[in-house]
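Structures incoming, each one as structure tokens.
Common to both upcoming complexes is chain A, partnered first by chain B, then by chain C.
Our next item is the complex of A and B:
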């Protein structure tokens, strides 16, 4: 037999895979499909019991949301904030990640733990106090307030990802480049950059996604005059609850993020590959 | 004084890490075109010294000169050295040609000259057909040659080799070793070669520097080191040695002959220089013993010992015998003889060791 597993074990594995697929479908596939369906419900033909599927499908909800709500502005806001946050979080994370990934110093383990600490705090609690701090500091720009908050809160992710990248940089390549007379810039280009590049892009994308999806800070700092996509979404779930509209907005929020996440995943995999191709 | 300054001089190099003396007043020099090996067990400081020559590690005290120029305070990029790394350290995203040309590009040579030199060096290491490949597409031996070519291309004052063969399998290692030596002779570059493999050191070097715990134990040609080891460490580290604690009983200085009492029996030793003490270590090599035929063995001649074969290991071309005293007591010694030898375990053999085959070590028994 070619299979390394005995018969009983093979059946057990198949069963487990099947179970995983079912759970995956129930947890992710089904809600996603429902969101798609709900967003396509025609406003004049409501989807109600006993219809298993919506009676009439149309894009009218989409058109309506796009033209009448503040979604367009919210999208602009969200993407502006996320771009700012991603770039500044990466820039701020670089020195720390370099230290964690390339240097040995006393208290390194403690420092590494401390940088992860913000992640252990509930975002809403943090956001509440953060708003108070902002007004004390006299920062009244909503955009700036949200961007600073996101940068601070998502910095640990960037540090974490880039630390791994930096530790994948091979010392022997740095040495070889220097030994052959390379300038600092050349050393960076040939020893650091090839390993860092995928990690940098992945960190950018992940922080970008986290910022776009973040609600607590965006809401507490921004509402009511600075809307982001999640705050719009929340408005549809609250007082005037319109499920089809909420479904459409959530798709607008999620679909680009899923695509970006897939790209980040590929990039992170390639980091591992290039770091591993050491000796022949 | 020599008319020409040595290509490389290391003088009294010392370096201490915390509580660990990595280098302790190490001195040696290499003439132009010489290959010097730093040989020793791991932790002896040989790699540290190599990295200090390259400029990666500053010395606490001592001097390193290349072509008579003091290297103190010069960073690796400004030293006229090129290193072949143990891991090869090839840039994985660059082609073979770009790897080989890397150092030349840093020197800002014209692209035409870079191309010329890259193709010339590639031809020397037989990589002309692989120039457009990436390192990952090459075999281990080929990667090794790229590393060598990359270092050779910049024509450094001193080439530095950090155990370059340790990632190759045994057969390839012998082949690449011969290639490096042949290239080194042909190109005439000066090289410092770090290894823990004594066979490598003996085969390649003009000068062997044997190190232990940051100290030079002995320095000399491969023949010197092998035939005239200074102490028990060198004797034992280079090849296989039988080391005896001897007591000098009688001296005939005019003929350089000494009668020495050893655990094997009385030995007559011929030596150019007298022993350093009356209680002194001496050694002989497994191939120094000649097994006598039964008729020869009957003659009670000088330096003939009757010993019992404790174990026999067949090595193909050789037979390795572990022998000891007939009463079964005491230490054992190693003898190597032809693969055709029919001597069996448990047998008693008579061996003869010529007086000049015994060597006094410069180490007194304490």
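Our next item is the complex of A and C:
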């Protein structure tokens, strides 16, 4: 079959793809390669001008960060908060997403817009005065403060993602199951769950990642006792810029989250596919 | 039965919507009330506009205000200007377009702090850029580029992080522009730029405005890029707000609240102004 693109356009596209690859390499590939190199600089052989490459590479910096810094505790804190937030946000979002995705009612558009309010506010303002609210309410647990803040702040994402999943459930399947005398639970299991499952998992993963990555609330509510991975990274980037440590923590923050996000993207694509094809 | 059916959707909204509304009301209410209260040296709190007088009379505040407005505007405009041609290029799928689209979106997955670190690491004294400049003979010795006084680094970071977001928002509406319409314009003798001005821009105006608003709010309220890569002689509004609270003891919260209210105002009115300006421009160039 002949290509739908003329020859000149094919060549132009090839050149532009090459240009995009070069830009990607310079903007992302190279900086990450530099971060990997910096994280492997041996502490007793510093990498300094005029050396183009580190004189000695080792994992000593990684071992040092793991054993002597607060990273282990920060990881535990981050993952505990994120798990709590992901589960709470999904549980709170489910009924609302059902209403948005399956029901028609007066004021629906306004309600949908209102759920997006937190995203239209500068995050540091929200975090700053959220601290004041917590103090006024007498909530002094840093874990609880951060978990509540993250849950409320990331609810719009969970609601939006689950609304799409709910709206993908086919009404004819629900009607058919009901006509055959299926109970509510059976209707849910056979008509709703197969379509909802990928979106539910994707929403869980996305809220989980957003919570792990969130900095403003974690920093302002948690400082100085309750550290998370982003707050540890910020401490390495501040006045005492410890580059090899910052490089290692950056990689710890980015790599697992990118992998999780790719899984979430795949799940979301399958939600779209199953909704479109009526699978399940 | 009928009343129950009518009420059900609203009852279902409560678990998701109520926490959001409560949080926003409490936070905005707290910022507003703190901005009009003043704590004297003996700890007595009274209603007063002293915090407003103090903040609005400070040069540092106005520098931070216009600085954040500038970063927000530049970040939003440059991101959109770069995203448009890419969205137009990838409008119709071709071999390799999926790969390019994924690569463009990749920075969205990178945490802001990590992005700031990668940038600082790249331009620092021992960074790749300096090594390359010295190695290629363009500079005799490494140049100091970190925390540059013109905030070029902050704008680069804003664009690096937000251009993919702009692309994501624009690509949907750009793809939705019908080929028939573009072909009809071409048949009528309208050139590439003319089709962009008269067909694509007016039809994608809403997405363009959405992208500008979202990016402007994020960039004007930025703290992390500024703290890591920004100029050291000026604060962003978010940085100034935090500094006011930390540095001013009993009056800290009131002063910081005024900055917060002004930052919310900047985000709201700045975003509306930018969106309105673009609407006028698109209408004018589309004539």
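Please note the rule applied: the second predicted complex is superposed on the first by the 276 of 280 C-alpha atoms of A that agree within 3 Å, B and C clash if a C-alpha of one lies under 4 Å from a C-alpha of the other, contacts with A are read in each partner's own complex, and residues count from 1 in each chain.
Everything that follows uses one rule, which is that a contact is a pair of C-beta atoms (placed from the backbone, for glycine too) under 8 Å apart; a residue touches a chain by one contact, two chains touch by 3 or more.
None of these values were measured; they are calculated from a predicted model.
Look at chain A after the overlay: chain B and chain C fit there side by side.
Touch criterion met: A:176 reaches chain B, while chain C stays clear of it.
After overlaying the two complexes on the shared chain, residue contacts for A:194 are found with chain B alone; chain C is out of touch.
Looking at the shared chain after the overlay, A:185 reaches neither chain B nor chain C.
Contacts of A:110 after superposition on the shared chain: neither chain B nor chain C is touched. In the superposed model, C is the one of chain B and chain C that contacts more residues of chain A.
By the touch criterion stated above, A:92 is placed in contact with chain C alone, chain B being left untouched.
Aligning the two complexes via chain A yields an angle of 100° at the C-alpha centre of chain A, spanning the centres of chain B and chain C, rounded to a multiple of 10.
By the touch criterion defined above, A:8 lies against neither chain B nor chain C after alignment on the C-alpha atoms of chain A. Judged by the touch definition given at the top, the superposed model places A:31 against chain C, while chain B stays out of reach.
The gap separating chain B from chain C at its narrowest, counted between C-alpha atoms of the superposed chains, is 12 angstrom.
Taken in their complex, chain A has these residues touching chain C: 5, 10, 13-14, 16-17, 20-21, 24, 27-28, 30-32, 34-35, 38, 47-50, 52, 91-99, 103, 105, 108, 111, 114-115, 117-126, 128-130, 132-133, 136, 149, 151-153, 155-156, 158-159, 213, 215-216, 220, 230, 233-234, 237-238, 241, 243, 246-247, 250, 253-254, 257-258, 261. By the touch criterion stated above, chain B contacts chain A in their complex at residues 54, 56, 75-78, 81-83, 85-94, 102-103, 106-107, 135-136, 138-140, 143, 150, 154, 167. Contacts from chain C toward chain A in the complex involve residues 6, 8-10, 12-17, 19-24, 26-28, 30-31, 34, 89, 94-97, 99-100, 103-104, 106-107, 109-114, 116-122, 124-128, 130-131, 134-135, 141-142, 160, 214, 217-218, 220-221, 223-224, 227-228, 237-238, 241-242, 245, 253, 256-257, 260, 263-264, 267.
Of all the residues in chain A, the ones that touch chain B in their complex are 170, 172-173, 175-183, 186, 190-191, 194, 274, 277-280.
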